[in-house]
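The same subunit A turns up in both complexes below, where it pairs with subunit B and then with subunit C.
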Partner chain A sequence: MTDKTQKTTADISAKLETGNSSKTSLMYRKNLKDIVAYCQELFDDLDFKAVKSWKEAKPGRKVIGYMPVYVPREIIHAAGMLPVGIMGGGDQLEVIHGDAYYQSYICRIPRSTIELGVTGRLDVLDGMLFPSICDVIRNLSGMWKLMFKDKYVRYFDVPQNYEDEIGGKFYIHEMQTLRDDFAKLVGHEITDDDLRNSIAVYNENRKAVEELYAFRAKGPWKAPSTEVYLLVRAGMVLPVEEHTQLLKDYLEVAAVEDRPVRDNCRVVVSGVFCEQPPFNMIKSIEMAGCYIVDDDFMLVTRWLLQEVPISGDPLENLSKAFLHHSNDTAAKYEPDVDKKGKYLIDSVRDNSAEGIIFAGPSFCDPALLDRPMLQNALAAKDIPFTSFEYAENSGQMQPIREQAGTFADSIKLWSA
Partner chain B sequence: MPKKAPPTAIKEQSMEIQKSMIADNFRQLYDAPKTDQKVVSTFVPGNLNELLMCFDFARNLPEINALQNAMRKRTGRMIMEAERAGHSEDVCTYVKADLGMMAQGNIGPTGEALPTPDLLLLSYTGCFTFMKWFELVREQYKCETAMLHVPYQGDGVITPNMREYVVKQLKEDIIPTLERVSGVKFDIDRLRQYLRQSAKAEEDLVWVLQSAKNKPSPIDAYFGGVYYVGPIFSSFRGSEGAAEYYAMLRKEVEERVRLGKGPVTPEGEMPEEKYRLVVEGPPNWTHFREFWKMFYEEGAVVVASSYTKVGGVYDFGFRHDPDNPIETLADYCLGCYTNLNLPHRADMLSQYVEEYEADGLLINSIKSCNSFSAGQLLLLREVEKRTGKPGAFIETDLVDPRYFSAANVKNRLESYFQMIKQKREGNAPLGAAA
Partner chain C sequence: MTITIGIDIGTSAVKSVLFRTVAEKHEWLGKRVDRLRKRDPMKLASEAYHGLLKDAGLKKDDVAYVATTGDGENVDFRTGHFYSMTTHARGGVFLEPEARAVIDIGALHGRAISTDERGKVLSYKMTSQCASGSGQFLENIARYLGVSQDEVGSLSKAADDPEVVSSICAVLAETDVINMVSRGISTQNILKGIHLSMAGRLVKLLKSIKAKESTVFVSGGLAQDVGLLAAIREQAVDQNLIVKVTSNSDSIYAGAIGAAIWGGFRYEKLGNLKQLAKAA
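What follows is the complex of A and B.
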């Protein structure tokens, strides 16, 4: 390690210990009820008040929105901007304008995102990133360019070739373009040290999210998935430092909370990586007798699977993490046929799950086209699964509750 | 009472030749196991036909199989077969028609068996579904797969980084794989020779498509256009046969222009051109002739279409360049229509409406194809706003007969034609007929 790198690493550690450059301002008392209520409030707020407060707290602050599944939020953070995850409108947003932009056979998330945009709820954003996930989100980037001409809009492509010298070089260049664009937007350079600092901050956050998931997998009665969901979702609008603190606080209080153990089976939920299901769907799965022990909600928080090194070239480090140590999902190409679905089988094993619930958004090409292949992989390992579709605004949960309940019963009865 | 057979369609000579070229390709595929010819499956947009010819591969294009099956009314059962096997009703019907065909014995549209490919070349251009499609068929064929990731033109331009990425993949991954699977060494001069033929064919195709600027238009650039683009979009681009075909097609159309004739429809020459339209989106294949009839019966001619650019956009100047053989392949892949962003597509469609002096833009929105369809309602408004010409919106599907409602489509088209007529008379407000 060079002297310069040693110094940089030490600086970053020092910054982390002092809470980095962002002063935390969490608005809850450190008890379970308050933490969950705070997250629920953030979740329910379709006007992004928390984001507005952050922006108004200091003149010149800027905010960049991003859609699922993954963008390197470190670059936004390094520019001093707030990354905000736009996860659609859920089941509480009345979509009036958004439906006029789409045919009946297109999924819900672009409609509600447009609704949020045209009703001014996203005015707080200075830019939007549309990651490479599917043709609908891809085309939404062009719609955004046509509809919101005064905003920074970028389709963010990620490589489907995982060679450092091929896909890696392309990806580093794409990230560099983003870095240059953001530097123009904020009016100052984004240095390597800025990026290293942000990588470290996000490493902390990823660690905290992983701890939360591990905590739930170990004792799912102690961390209901409704709470885990809200906690992770809070990370879509909070500054990352505050979100990390929030997770740590929750873990501390949840560990000592006495909660009854139910005779539930343990399941992994798969397919929910883009359009988010109604909150009631998560509740319904749990009420039907299933503990969710792993899922692919808001994968951006768990995309990179290992700590990203903070020494060396930061963009190269982010690239290597993406190419070699990132999560699997339908939006990614799997070059090795034998590895198709392996991540789900691993998840079942690592989390002692007993089955998989495939919950795919209606009209979601990635999730629904991937599903039969994943099911074949599971069937080969005798892992039980069930499947259904949802929309972010689905109101009727009874069929889902019944299906999940039957699945849970079948596991308990026949998988012993 | 026995069902009355439909009358035989009247076709131009070029259409007959095109049909025979496509049939020959199916025959070559059928014979491949006997002739020991290696087979590659690859997609239409961003296909690397010239490169594949350098390795003597027979080329199988799944979209062509699906649409040919649809025109023969076979895809309904294939799609249901795939749905019975667990595929969602919501997803692309090209994919399900392909999987259903495989499940039913992999008999191609001409009734001849399709061979198991030696290689799946996934040219991931302009359509996310392609990636999942080949992952799905890979599971069945258990053959090697090569992936060419073509980045999307999110900002409406091809950047040096995008080009370099594609070139690198071609040089370091795709070409070595093709060499290994085929056992043929790559010869760049052979590629140059094919690219020269491509450029010749492209030049003639552009002339033919642009002949629709004449009044009356000698061609229908959508329904007729799909025949014209058949060879160049599929396994013939780069071949001498394709270059000859387009030279012949051009002569045929030149003659029609000289005589002031309109397009040839399945029921003969169109007597009068009443409406000139630009069409966005692929056609419906299961009711192709019925669909076309709704236009020519009303005297409506399609003078420009985006679908005839899905396998390559040539009318804005791009030609395959033999002097830069690998880079030109990259530019070709990056420039296919569905790889263009929406503002770029809006520019193109508006330009078509203006330059071809069209009465307006009609969108045939395809349920199966998010790549085309997501955002089309905004495109419609944008083109209307820029050109001042009325637009209309209809919905069908590529190869799923369940999503072709003839009465609805006809009704909307008739309303649209009525609207154009009224607008010409100066008493109709601008607004979509959808």
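What follows is the complex of A and C.
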């Protein structure tokens, strides 16, 4: 372990040792620079030291990992466990073992996730959820079962039918199975009140994330997308209560920070919901003269669009929220062809965006197969767009800067 | 009246210009070139900015828009940034109103841009990342041959039997040149051979953007190299491309000029849209 890694580990451990103590939090959240640096530390830490610290702080604590795009984290939280988003290995992880498990025409996130697993970095997890997003992730769930026999592993299916009587019943059954499994794992029942409490906690978190996105859309120079990304990404490893507070702290200090306004165009970034792009790609898009005013990074935090009701049957409430008030993206099945792309057109309108950047991971079926239909919908409305692909370890950003930059120029100079 | 500054940060120099625009009439008030010579380009950009203002007797608040181009995305006092294709096209049309294509030959790459009369980019092609089509390569060769940059053009024009460089890779091309020197090939013929090799690739770029029967303006640091210009004209004839190739003593400023003019254009547009960004 290098000195730098040791220092980072010690820093994060110290910060998290006292759980959600506001006294500790204030020590590192006193200004915008500290908040961003803290999130960057969490982002850079491929050994999940923050999660380990949380787990070691109290005997018996358990952690459940989940992959993109969506799982009802409320159920994990209600069991008293920590949900941890596993977003791949990024561009700092050398994949040695992972490549042996997949063909060359498969995206990178399953390879780097296997690499994280076989190198012991995910030993802190007591279980892992693989939500239905594509065949690759579903197959990964089977591989995980074979590779990590001592862990709880589940392929978490979500409905593709949005009627309460069909998809709703199915989804409630899936969530109930998860609830029963987790109850066995932690050794106690998960009551309706536990679930209601967790729904309330996540409602608060969703509200804070939405406020962050609204703040950025209103004044994107005040909340650079690199910062917004790191903030939301921190929610993949922090306890939800602490993450909510982190977002509130950021909004408070960012609002009074004096930052220069640039003459950038306003864009929506689409297709980045599963394998995450290298951090430098987000930087490059901004450097190229684009303010990102909406995106679909880490959708788990923004999948449900409205406050989930607390009274009544909690699983039914979660189901109804999923079926009727969830985010439309390429990650969600849309049976009505005429509605394809409507969400992007709405986002352009609602966020005063001037164009769309389609940035999809190479070989990503959900993002890339939808792209032509989405582009047709945008073209019909004369909304400019540009498209490129990436892998989480893409290193050469010059072509992306050039492409995003010339796209920004064309919008700034020639759009109405 | 709109005062704008354009700053083009290149690989070997920072080029800066000051413009005043009144009713779409552009008046060029100031210019300067600062060679990098291992200095921090951001500091040079700041010095150029303040220098231009001082020379023109203007204050920061007089400037409506500071536009950067080239590698200027990180200049912290910029209002906005435009990409090189966008700015060289506009700068080319400003310096040569008849131009409908621009070849920008910088220190590290060459690019051909097709433009309309407004300076709008219609299409473009760049050389690959190999440096043998670039100014840096030519500068290295001149140094190996013991001639100054200023002499390269006239020596090349005096060649009588140019020796064509066979490789497009800068490393292998340099090996070619070492072999030529050992074989006793004259400096003039070596330089002309290099010029023809570079020109051949640039003309191919022009053909790929369909620049035919038009005026081609050469911008960038190598636009003053008369040997290279002559080689481009020769290669155009050899490759059956009917074009008029022109340059200008201010060609090196094309990117900065384009940035300044587009900055003014944006300022007006944002004003009309009531979305005026404050200059940083």
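In this text, the second predicted complex is superposed on the first by the 388 of 416 C-alpha atoms of A that agree within 3 Å, B and C clash if a C-alpha of one lies under 4 Å from a C-alpha of the other, contacts with A are read in each partner's own complex, and residues count from 1 in each chain.
The rule we apply is simple: a residue touches a chain if its C-beta (ideal position, glycine included) is under 8 Å from a C-beta of that chain, and two chains touch if they have at least 3 such contacts.
All figures in this text were calculated on a predicted structure; none of them were measured in a lab.
Bringing the complexes onto one copy of subunit A puts subunit B beside subunit C with no clash. Contacts of A:Glu165 after superposition: subunit B is touched, whereas subunit C is not reached. When the two complexes are overlaid on their common chain A, residue A:Asn264 makes contact with subunit C while staying clear of subunit B.
Judged by the touch definition given at the top, the superposed model places A:His173 against subunit B, while subunit C stays out of reach.
Within the superposed three-chain model, A:Gly142 lies in touch with subunit B and out of touch with subunit C [touch as defined at top]. Comparing subunit B with subunit C, the partner in contact with more residues of subunit A is B.
In the superposition on chain A, contact is made by A:Lys412 with subunit C only, not with subunit B.
Distance between subunit B and subunit C in the overlay is 19 Å (nearest C-alpha pair, rounded to whole angstrom). Every residue of subunit A that touches subunit B in the complex is listed here, in rising order: 100-103, 105-106, 110, 130, 132-136, 138-143, 145-147, 154-157, 159-161, 163, 165-167, 169-170, 173-174, 177, 330-331, 333-335, 337, 340, 360, 362-366, 368-373, 375-376, 389. Residues 260-264, 287-289, 401-402, 405-406, 408-410, 412-414 of subunit A are the ones touching subunit C in the complex. By the touch criterion given at the top, residues 65, 73-74, 76, 78-83, 85-86, 120-121, 262, 265-266, 269-270, 277-278, 280 of subunit C touch subunit A in their complex.
The part of subunit B that touches subunit A in the complex is made up of residues 85-88, 90-92, 95, 122, 124, 127-129, 131-133, 135-136, 138-139, 142, 145, 147, 149, 151-152, 154-155, 161-162, 164-165, 168-169, 172-173, 341-346, 365, 367, 370-371, 373-378, 382, 395.
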